[in-house]
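Note that chain A is present in both complexes that follow, paired respectively with chain B and with chain C.
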Partner chain A sequence: MIGEMTLVLAGSREVSSVLVVDDEEDARRSYSWLISDLDLDPRLVDAPHPPSLEAFADRIPGLADAVLCDHHLRTHNYAQFNGAELVSLLYERVPAVLCTRWEERDIDEIRPYLDRIPALLRRTDEESLRRGLESCAREFVEGRPPSRRPWRTQVHVQEVERDTVYVNLPGWTSLHMFGLRHAAFPPHVRDALTEDLRLYAEVNLGAEAPEDVYFRAWTL
Partner chain B sequence: MTGATFTVVDVAHGSCVIVQTSTRAAAVDAGPGNGALLSYLTEQRIPALDYVLLSHADDDHVQGLVAVLASGVAPVREVRVNSDSTKGRRWASLMHEVERATGSREIETFLPSLTRPTAFDLGDGVTLEVLAPGPAQSATGPSGLSHDGERPTSNSLSAVVLVQVEGQPAALLPGDLDSAGFEILIAYPGIIDRLQAPLLVFPHHGGHSSPTATASSDERFAEKLISVVCPEIVLFSLGRRQHGTPRPAIVRGIRRAAPGVRIGCTQLSEHCATEDPPGEPQHLSTVFAQGREAGRCCTGTVTVPLVPAGTEVPAPGVGPHLGFICASAPRALCQVAP
Partner chain C sequence: MAGSAGHLRFAADILRRLGEELNPNIDQGIVELVKNAYDADATSCHVELVGTDAPGGSVRIEDDGEGMTEREVYDGWLVLGRSTKSTRGLTAKGRHPAGNKGLGRLAALRLGERAVLRTRPLSQPDREYEVWIEWAAYDGATLVEDVSIPIQNGPRASAHPGTSIEIEGLRDRVGRMEIKRLARALVLLADPFGDDPAGFNPTLGAEEYADLERLVSARYFPDAEYHLVAELDERGRAAVTVRDFRGEELFTADHAEFAQGRRYRAPPARLDFWVFLLSADVFRLRAASLREVREWLEQFGGVHLYVNGLRVAPYGNPGNDWLDLNLRRTQSPEERPSTNTSIGRLSVSDPDDRLMQKTDRSGLIEGEAFTELRDFAHDATEFLARRRMEVAERRRAREREQAGSRAGQQRQSLQDEIDRSGSKDRARLEPAFRRYDRARQLEADALRREVQLYRTLATAGITAATFAHESSGNPLKVIAHAVDAVERRARRATGQDSYADRIAEPVNAIRRAVDNLGVLSSATLRLLQADKRRATRVEVNEVVAQVLRTFDPFLRGRDVTVRVQYSPGTPYLRGSEAALESIVTNLLNNSLVAFERATSPDRRIDITTEIRGDLLLLVVSDNGPGIEGIGLEDIWLPGETTSVGGTGLGLAIVHDATSDLGGIARAVAHGPLAGAEFTIELPILGR
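Moving on to the complex of A and B:
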């Protein structure tokens, strides 16, 4: 079914086609029905081309007005990158929502890119997709809403393991322990990481749930 | 008119009041750790806080200061707090930031007590006066003494701050004062006559009045407090669906003591409407409110001019706010007749 409607986002951005990027053929088909239900035109990507992340991202604005992308893209060698990497590269270029199965491992993988992912879909239904695209377009025009605004804040290291550093945020509502990979830190910070260290990062303190929290701009 | 303002910032569950004059700004409590105070200070272009008075050591009153000190958004010149180191890791994190800021001379004064008699001059005739706790209470600390069989908590030792304009009471901020703390306060000679104020930010967000409270004891506490303070406006600083506040018994007690009092809540209590209001809120001012993005506001952030007693100030429950209540929460607690 070809979409006949145009969705107007953030008051002025018109979307009539949505690119579907997912390594599962059945999922692509199911997303296409969802997009058709919004009277928009689904455009399915059978294989990202060109295969490199940057080149494919550069090509997307010419392929569709918006993107619906799954986080897992590497199965069956569908892509050389994951969805978080792709969607974050589209920031301020094309409204792009990321879908995830919402497992803790996925969230840890997505978190380093989260500051450039305005919409992480917990459910894939028409309303969630429409709202997700609206959030993207609105953030591109109006800037980050309070829940995604970064503030320099204290980060308290609780435990340093071989692969993961566990930290919490004394200036944030919850005592949640965030597991961050060593690679998430710049080298000069990584070398200094020890238990009970207090350091600083820009964090969206207005986030309500741990899965929405991002860290960036680390300093000692 | 002084041009000074008094703002109850919608910080969700927690408390933060900003008192601003033409030359100075003070925060009485800093709200929880959700960036709300940072957003408000940035939006209102408040360059520095001359005083931050933390009524007691609960997270929903102090965590916002950890965020402010770490952010560098607004330097804080003086911090006073009723300390309670038993609050654990979060308290240690606050002290880390305070030590860092004191060491770099960003904070000029830090004192781990906020007791009677102390007053802070904000200029333009506006002062903040601490009415409780007394120094002996503060020195004893939470859980160290008992009153009527109850063991006071850090809430019992919550600072009670009176905002005055040209010597006249304008607002009373009792932090999370509980029934034990209130009884100790009014027993102190000469204090009960000083508690009257036209605006009251209700203690503990309208939650239980003691760890062992029942609906009837909550109602009695509210009735007695309102009878003493005699406010025209009562505000609750709360977070929708966070702690079940304000308790219906508390509102009943308020109504029993003062049937005509205006009541407002920063966010819409689940006791007033179980369904979220549809669409974007149209009744709010443009000032930052933590609940705006998720559609949780009732009054949102409330700003009133600081004027001498007897001058009429904008009240909740009228105009666009009343329209919102009629449309979204027709069974709201504030609309129920006593």
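Moving on to the complex of A and C:
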């Protein structure tokens, strides 16, 4: 394509094409305008092929140099997985940014994968896309920045509800309650969950906002 | 004194006292011997009670375990208080030893006048040892060690290893209660399904108690309310049948209905899944008690996996819920079993080894065959849950119908009684009854209309939420991206100055409109957040501020000025955020609707929060036309409205939500701003 350029990330990683994954055709095209205005080559995925999450993720490094993926992929019968699952599988393989509307429901759904999602974008303009891809590439090379580094810490269960477990992090702030789905816990921890239980997880205590906090490696 | 060493010795009588004090019940003594068989890795163990309904009967316990050598009899079986088995960790079959340190055995053996042990050790195929203990011999002895017990080496009665113990001349009778307790204990020791070649399968022979014999062989499966059988053939097609506890077929589905065209890429399998309704009502007429079934399910509940006839751990072990039964029950409790109310067996025939063990033997590799198999089992249990839900829904509909007709029957029977009463009473009662009946009918009609109204509004809410999801997703996103692209490209094509002069204004107008639309849809979604319906600490000023932030575009769009005066501090109460939000939202909506009924150059709403003792006063007043055309008491009634097309529910919700929070709602037709003034008094916990 005439005028096509290359974006150099983290000092050495070259990106000239960006794969667009979104479950709606107009939305894919609207992302492509942004990418081509950055003089990069947009490559639109009309349907994930092969349809299985792992197989599709394995194929992506051969399709483009970077990925822009929307979180909601199931609404329009496009994929059997969501964007957070796909982007987290691309960690350390391809710079991939995840776009979300930032509703609380979305954040709760994304949180279990957040440790492997370096860039979560609410607004997609030239600058935020460039910065998001740069964060990914830099994290792949230099490791997680201080705001995303995991620390073993205590988690305090406040309430156990039908589909959500509410916890807070005394080591971060006791004022915020995080709503976590039952499925976000490994089975041996899930079975033990009760009100007022104190357990442990790796959490990025350097995060500045609740929506950036992730939990992983749960233990009792 | 000359030096001589003594040692502790035991009087013969100590045996009687030890035996009696350790094991007061006969059944517990017998169970101890059965546990010895379990610890000896037996797969079968038969307990036969003969003539035990009166003293003098006998008990025989015979197993096919590894037997004992002469040395093991001498150093283990005859040594009280120490068991070689209990000190060696797991048995060769990986069992945790269940017997105690040998004292229980003493108690058991002393149940009769004599005990006879015959044992054929696995390690000595030609030997059989026999030991007789005559307890009468101790009656004449001073010390325990004065009685010698020969270990005789005799001809082997069977080629197979094993041990039998006979206790003859029982001192007491063994009643039904003892045998029932024995049967229950045997079931708890047994492999739940009885067909694992490595499992432990005790059996009971008790004359006159055929039902207890059956309990040991059949376990508690006949007490299950539902028995599901789902079969998967070699071509990946599945079919399912569910029967009730009488064996009557309840639900069935062939492959097309069950799997909706899906073929499971897994080896052939059969799932047997039993679901128990653990309620006192259900068990009132059953032979087994609720407590014993619950105890059994606590130990064996969950779905166990067998591949080519062999049990695969850890699937179905306590704490292992590999089909997520408990999780799904938590998410949707109605008509779904947990691992404590169900037991299942998934038997897989896998001659081609499509299922592979992990190298550390901690289960199967979660490859395609395993996940497909799990899906099959999961779909089968879901099938049962869905069918049970349908039945429950039909039952509820029938109950509703019957409630109506029951009321009709009662009405008729009252009318009949009035007709039968004397003519004087009848003349007095009949008009009174008719008045009552009319009033009741009106009330029922009002309730029916209210329920219908709530249903309609709930549907409107669900539809609004669906649209809010959709619009805040793709259409608004595409518009925002398109506007960004127009701006970028226009700047490049026309230059910065020309863009600012000619294009920036309409582009910015589109952006503002998109932002406003985004706020509307996210406001709808925020109202529906599940955590707002939890009872928790609710900060009143924060909720008011949050609702006002959400409403800001509406209020600005309608030229409404809101003045807020918050109380000092952080007053809070315990309740749901949704309740307080409903109050504030509906009062704001009420004012917005009122403004449409009158023209006013400046529309104004004042909101104050004020702490008075243990109460918080939330006051909302406006400069609209006030409350006209309806009595102040009637404004809280559902369906009462003075607005054309209004639902009449807004203030009813304010009233109900205030009550839910333990407060009181009051209204003044014309307050300080001339329009309506509402005061909500809420008890607070702190400030």
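Assume the second predicted complex is superposed on the first by the 215 of 220 C-alpha atoms of A that agree within 3 Å, B and C clash if a C-alpha of one lies under 4 Å from a C-alpha of the other, contacts with A are read in each partner's own complex, and residues count from 1 in each chain.
Following the convention adopted for this analysis, a contact is a pair of C-beta atoms (placed from the backbone, for glycine too) under 8 Å apart; a residue touches a chain by one contact, two chains touch by 3 or more.
Values in this document were obtained by computation on a predicted structure and should not be read as measured data.
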*asked:* Should chain B and chain C be called a clash or a fit once both complexes are overlaid on chain A?
replied: fit
_Just to be sure I read the superposition right, which of the two partners does A:R162 touch: chain B = first, chain C = second, or both, or neither?_
second
_Taking the superposition on A as described, I'd like to know which of chain B and chain C A:A27 touches: first, second, both or neither._
second
*Quick one: classify A:Y200 as touching chain B (first), chain C (second), both or neither.*
first
*Any idea whether chain B or chain C touches more of chain A?*
C
_With both complexes superposed on chain A, which partner does A:T6 reach: first (chain B), second (chain C), both or neither?_
neither
_Taking the superposition on A as described, I'd like to know which of chain B and chain C A:R105 touches: first, second, both or neither._
second
*Partner chain in contact with A:H72 - chain B first, chain C second, else both or neither*: second
*Tell me which partner A:S17 touches in the superposition: chain B (first), chain C (second), both or neither.*
neither
_Just to be sure I read the superposition right, which of the two partners does A:P187 touch: chain B = first, chain C = second, or both, or neither?_
second
*Quote the smallest CA-to-CA distance from chain B to chain C in the superposed model, rounded to whole Å.*
14
*Common ground on chain A, meaning residues reached by chain C in one complex and by chain B in the other*: none
_Parts of chain A lying in touch with chain C, wherever the complex brings them together_ = 24, 26-27, 30-31, 33-34, 37, 72, 75-76, 101, 103-105, 124-126, 159, 161-164, 166, 177, 179, 182-183, 187-188, 190-191
*Please give the residue numbers of chain C that touch chain A in the complex, ascending.*
319-321, 326-327, 330-331, 333, 469-470, 472-474, 477-478, 481-482, 484-485, 488-489, 522, 525-526, 529-531, 534, 536
*asked:* With touch defined as at the start, can you tell me which chain A residues reach chain B in the complex?
replied: 145-147, 149, 151-154, 156, 169-173, 175, 198, 200, 204-206, 208
*Inside the complex, what are the residues of chain B that reach chain A?*
32-36, 38-39, 63-64, 66-67, 70-73, 89-90, 93-94, 96-97, 288, 290, 292-294
